[in-house]
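Beneath this line is the structure, given in structure tokens, with notes to follow.
Naming follows writing order (A, B, C and D), and every chain is counted from residue 1.
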Amino acid sequence: MAKLIVQNETILNLLIWTPVIGAFALPVVGKVSPRLRNLLALAGVLVSLVCSLALYRTVMAGTVVTVAMETGFGSRLFHADCLAVFMATVSSLVGAIIVFYSWGYISHYDNQNEYYFLVVLFLGSMMGLVFSANLILLYVFWEITALTSWRLIGFFREPQQVVRADKAFMMTFFGAVLMLLGFIMIFDKAGTFDMIQLRERFSSECIPNLAVVLILAGLLSKSATLPLQTWLPDAGVAPSPVTALLHAAVLVKIGVYVYARLLIVTFAIDPMWNVVVPAVAGASAILAAGAAMIETDLKRIIAFSTISQIGFIFLGLAIGRASEMAIAGGLLYILMHGFAKGGLFLCAGIVEQNTHTKDITRLGGLVRTMPVTAVSFLICAFSVMGIPPFGGFFSKYMVIAGAAKSSPLWITLIFVVGAFMTIIYLARVFVMVFMGESKGHEEREGSVVMVGSVALLALLSIVSGLYIGVSSDFAQAAVKQMLGGGQP
Amino acid sequence: MTINLIIMLFMVAAALWAVLARTLLKGSIALAIASAALALLIFRMNGPLAAVFELSVCAGLITVIFISTISLVQPFTPQEVAARYAARFKRFWPLLVLLAVVTVICLKCWTFPACGQALPESADVMALTRDLLWKARQMDLFGQVVMLLAGVFGVVILFKEENPS
Amino acid sequence: MNGEFSSLVPFFGFFAILLFVIGLYCVVMSRNFIRVLIGLEILTKGVTLLIIAAGYLTGKVALAQTLAITLIVLEVVVVAVAAGIVIAVYRRNNSLDVTQLRKLKG
Amino acid sequence: MKEAMNLPNQLILLPLLAVVVVNLPLGLRWAAMLGGVFFSIYQMWTMVFLPPLETGFFDLQIDGLSRVLLLSIGLVAFVSILAARGTIRDKRERFYFYNLVLLAMVGMNGLVMVRDLFSLYVFIEITSVASFILIALRRELDGLEGAFKYLIMSAVATAMMLSAVALLLLATGETSFAKVAEQMRLGGSGLPVLAAGLFVAGLLIKAGSVPFHGWLPDAYMAAPNAASILLGGIVTKTTGVYALIRLMQDGMFGTGMSPVLLLAGAVSIVAGALAALGQRDFKRMLAYSSISQVGYIVLSLGTGTALGVVGAVFHLFNHAVFKSLLFVNATAVEDRAGTRDMNQLGGLAARMPVTGFASVVALLSTAGVPPLAGFWSKLVIIVALYKSGHPVYAAVAVLASLLTLAYFLSMQRRVFFGKLREGLEGVKEAGWYVLVPTLALTLITMGVGVLIPWMFGSFVLPMEKF
């Protein structure tokens, strides 16, 4: 048994450090052989994916893998429970597809070394964040993701993009420092940054509401939720769709993940927040959906859609300990939204690269020239809309059903309206871009690698819906462990 | 004590004159006089060695530096001097008011708590000073040496004539 | 603590304060570099007086004397360097007017 | 005899010896740079590897605090000497530069090792005089003005500090740290409080804290680039901030000065950052940034707790590293592009990739973005503020890092990112003499940030010696 635990620790270390440290090797390798660099980048992310799958059985059995070291701020560095492994699997899977897609997309541009370095470092620090067992480490990885996305948004170095990158960085940094202040408030009360110790300390006593507000400021800014959402549409527009995807499908999930990690698992919070946060999330969902309905820029629409969908995830998680189903739904939503939204962004990327426009009023009839892309887009859109039997349906159903049971009626109604608006704006996009008359752009299907990754994501959206049992079992196990308490 | 008082009053007067004097030359001479007065005071307060330093270095060397600086930079024409003198007097009369105010404040509400030991026993001050200077406070002597070296660099660099280029 | 002692502290302190005020006023208000230096010198006179007085009043004349000697030596170096700067400024600018310093704002 | 050349004595005697030897008519002028480089490396080496507690024969002592400072002094001097080799073209000027840096090192090394108030003043004065001459080195009007302004402010500060020394002498009859502190603990009000106030005010002038910051931007901006590195990186920090830390740590003033320090620190942070936002000149912006960062150190000291002192020292070290790095970058940019006006620069990252990257690292470290070094010291400071019951100041410190980030991002955007400005096509990466320090400092910033869990126990915490 002891041997097994050592092995698991090694796996966990490997999972985190391979991409983080490997990222620094990529620019060096890239000087020698770009092809090898591309392979290594994918391999780094795949190592994370394989490792998190390898941890699957262990954590399902209820074991928590811990990596410990004596530091000045707490002895535990990383720990892996169901929630963390779930999140790591989702992000490394989506991340691997992103890197794969990049082989096709980014090969047309300069500074590829920098690009792969940033993407892999981003995914690595995402892993670190997910498994962090203490608040400071979590904050450190949090900021590394912010740093890398700062440089990715400004990747093409146009003045406007650099300004927007700075804006996104400033906004998330603003939220993050407030969150840090909240952490320090908690540290002042409990005398530790270690999450397990904090969990014992705050199992019955609520943390101060001011600390909740400060931490929420960080989460909302990272997850691009009202009132700190404006950076995401801007960030989604300026750079390549790949980075946009990175932000929409992975980065924004950090906020909701940390919400689950801190405000559900670790701290008890005032029940008031179980109404306030869903209300904020609802407002965010409705407003963003409204913006998506009138916007004409393809990538901005998808970005607004992301803001709107994040609201649903927040709803599922923020109902809190009252409803296991809603939390499980929220977790599943992270998975389903990752696949589907990733697919949408990558389709947008193919469309943009081949037609050189993002304006949906100037597009049309692409279904004939880009059949695979069109079908993939439709499948992913269905999943986001929540049409059965696609993956998105189950998560959306569980979230809303959970909300209906244990939160005020008006909140549920807001989200039902939001869900309808989702259907409308996505249908509008699909019709305008892929149906109707062609507007005479030079149109052709994207490269094999790019179309392949899009199709893969669409396939995953279907499969995850058809075999919903697998992921939902896991999500429910995670929720049990989250709420179980006592299980360190 | 009265003599000390008179010396200090004289010193303040000299300092004031140094500030208000018509020309810089007179100002630096007034400063030398204030220095000399201070030297006298130090001497009367059992500090003959420091008094000698004050007299030779401050009243002597520094005045030489000032005067040579003044002579190196072009002196003003008499008209300029007059104009400047008038202007300066305008700027400096508040100083007299300020001094008066300070005096009044000091005399009226002086709440300096007195502390420390009793009045000095003037033992062998010279021997004691020698011991202190060369044993206990070697660090300061070392510092003086380094400082003088730095001063040499300063003079070499800053006083150098401009190259024609 | 005898009565004479407590009356002596203000006695020296008062004159030191007067010298400080004169010196500072001169530093702040003067428009000529050399006059600023004269102000500095007056300020230093006040400090010297204070140190000697402190030694005198606490019975540590020898210590105070030692400190004063060091102070005087360092002071002359500072003045020499300052004079060097003044001369160099004059060679560059042909003026010693402080108000002509373009960037004297904070 | 063996003790006569022990480490503390070496640290003040060797640079002096070097200056004397190269100036003797032996034809050794070429050795000045080598002497400086070797000595600064030697100083860093000993500070990193040798046990810190030794007493020299002038009662010089190296404790944890001195050790960190000596390390920073060696580092910044090393960087500055190499940068001078790379950017000062006139041979004679360069020779003087090396000599003055060595003299300033004597001053700074002595200053961090002495245990006596008056000797402290002596060494502060040596350092300051060397700095005046360094600023005025080129004898251009700007430099002379900056030097004169610094000289005046510095002399006023000195007068204040010496009056404080005199008052403490009057109150306690002593000038050594330990004895004065002992006497102060026995009780004291009135005279000691006045003395403490005067001393702190003097040191705040020297440190360039608001409201006494007027001289600092002019002095930094006007100095030759290599001298700015020395000034901004270490000189004002040792002459002003170090002395403040030392006096607070030895309990010289009790906690009476805490509110003043907290207020001065917070105002400096915000005012410095706001002023930096509006600058066009690269170095002037860095100068205001220095004011702001010194504010953090002062604020941390204001807590009056052991943790606060640790935060202050740690931040001082980090500041020495990242601010020198920024000044080195400014040096490289001005040397290659010929201007420091940020509005005339742009897109240099494409031409100067190393400098551009180093600048990103330095600015993020300054703004306190993890995992770089600056984050950790700011974290310690904020925790110290919070634990000592000043949550409002903690919030100010945290939110001000947003301002820091704002002006530095703007700098980075205008100088390094974006499209290459017309007329800058010919710009090349800086020479090796500038690149070596750039890389070294970048590595230190990143290394300290990443390796902090290992350093915390062995390097950071021992700085506190209460």
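Just so it is clear, contacts are C-beta pairs under 8 Å (C-beta built on N, C-alpha and C of every residue); 3 or more make two chains touch, one makes a residue touch a chain.
Note that the structure is predicted; figures quoted are calculated from it, not measured.
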By count of C-beta pairs in contact, the leading pair of chains: B-C
Chain whose Cα mean lies nearest the overall Cα mean: D
Chain A and chain C: spacing of chain centres that average the CA atoms, whole Å: 66
Centre distance in Å when chain B and chain C are each reduced to the mean of their C-alpha atoms: 6
Between chain D and chain A, distance of the C-alpha-averaged centres to the nearest whole Å: 42
Rounded Å distance between chain A and chain B, as computed from the means of their C-alpha atoms: 72
Sequence positions of chain A contacting 2 or more other chains: none
Multi-chain contact sites of chain D, meaning residues that touch two or more partners: 118, 122, 125, 129, 132-133, 136, 139, 170, 173
Multi-chain contact sites of chain B, meaning residues that touch two or more partners: 112, 116-117, 137, 140, 143-144, 147, 150-151, 154, 157-158, 162
Those chain pairs that satisfy the touch definition: A-D, B-C, B-D, C-D
Residue numbers on chain D that touch chain C, as the complex places them: 118, 122, 125, 129, 132-133, 136, 139-142, 144-149, 151-152, 155-156, 159, 162-163, 165-167, 169-170, 173, 175, 213-214, 217-218, 221-222
Chain C-facing residues of chain B, complex: 1, 4-5, 8-9, 11-12, 15-16, 18-19, 24, 27-28, 31, 34-35, 38, 41-42, 45-47, 49-50, 53-54, 57-58, 61-62, 65-66, 68-70, 72-74, 84, 88, 91-92, 94-95, 98-99, 102-103, 106-107, 110, 112, 114, 116-122, 125, 128-129, 131-133, 137, 140-141, 143-144, 147-148, 150-151, 154-155, 157-159, 162
List of chain C residues in touch with chain B within their complex: 1-2, 4-6, 8-15, 17-19, 21-23, 25-26, 29-32, 34-35, 37-39, 41-42, 45, 48-49, 52-53, 55-70, 72-77, 79-81, 83-88, 90-91, 94, 96
Of chain D, residues touching chain B in the complex: 12, 16, 19-20, 58-60, 96, 99-100, 103, 106-107, 110, 114, 116, 118-119, 122-123, 125-126, 129-130, 132-133, 136-137, 139, 170-171, 173, 188-191
Of chain B, residues touching chain D in the complex: 111-113, 115-117, 137-140, 142-144, 146-147, 149-151, 153-154, 156-158, 160, 162
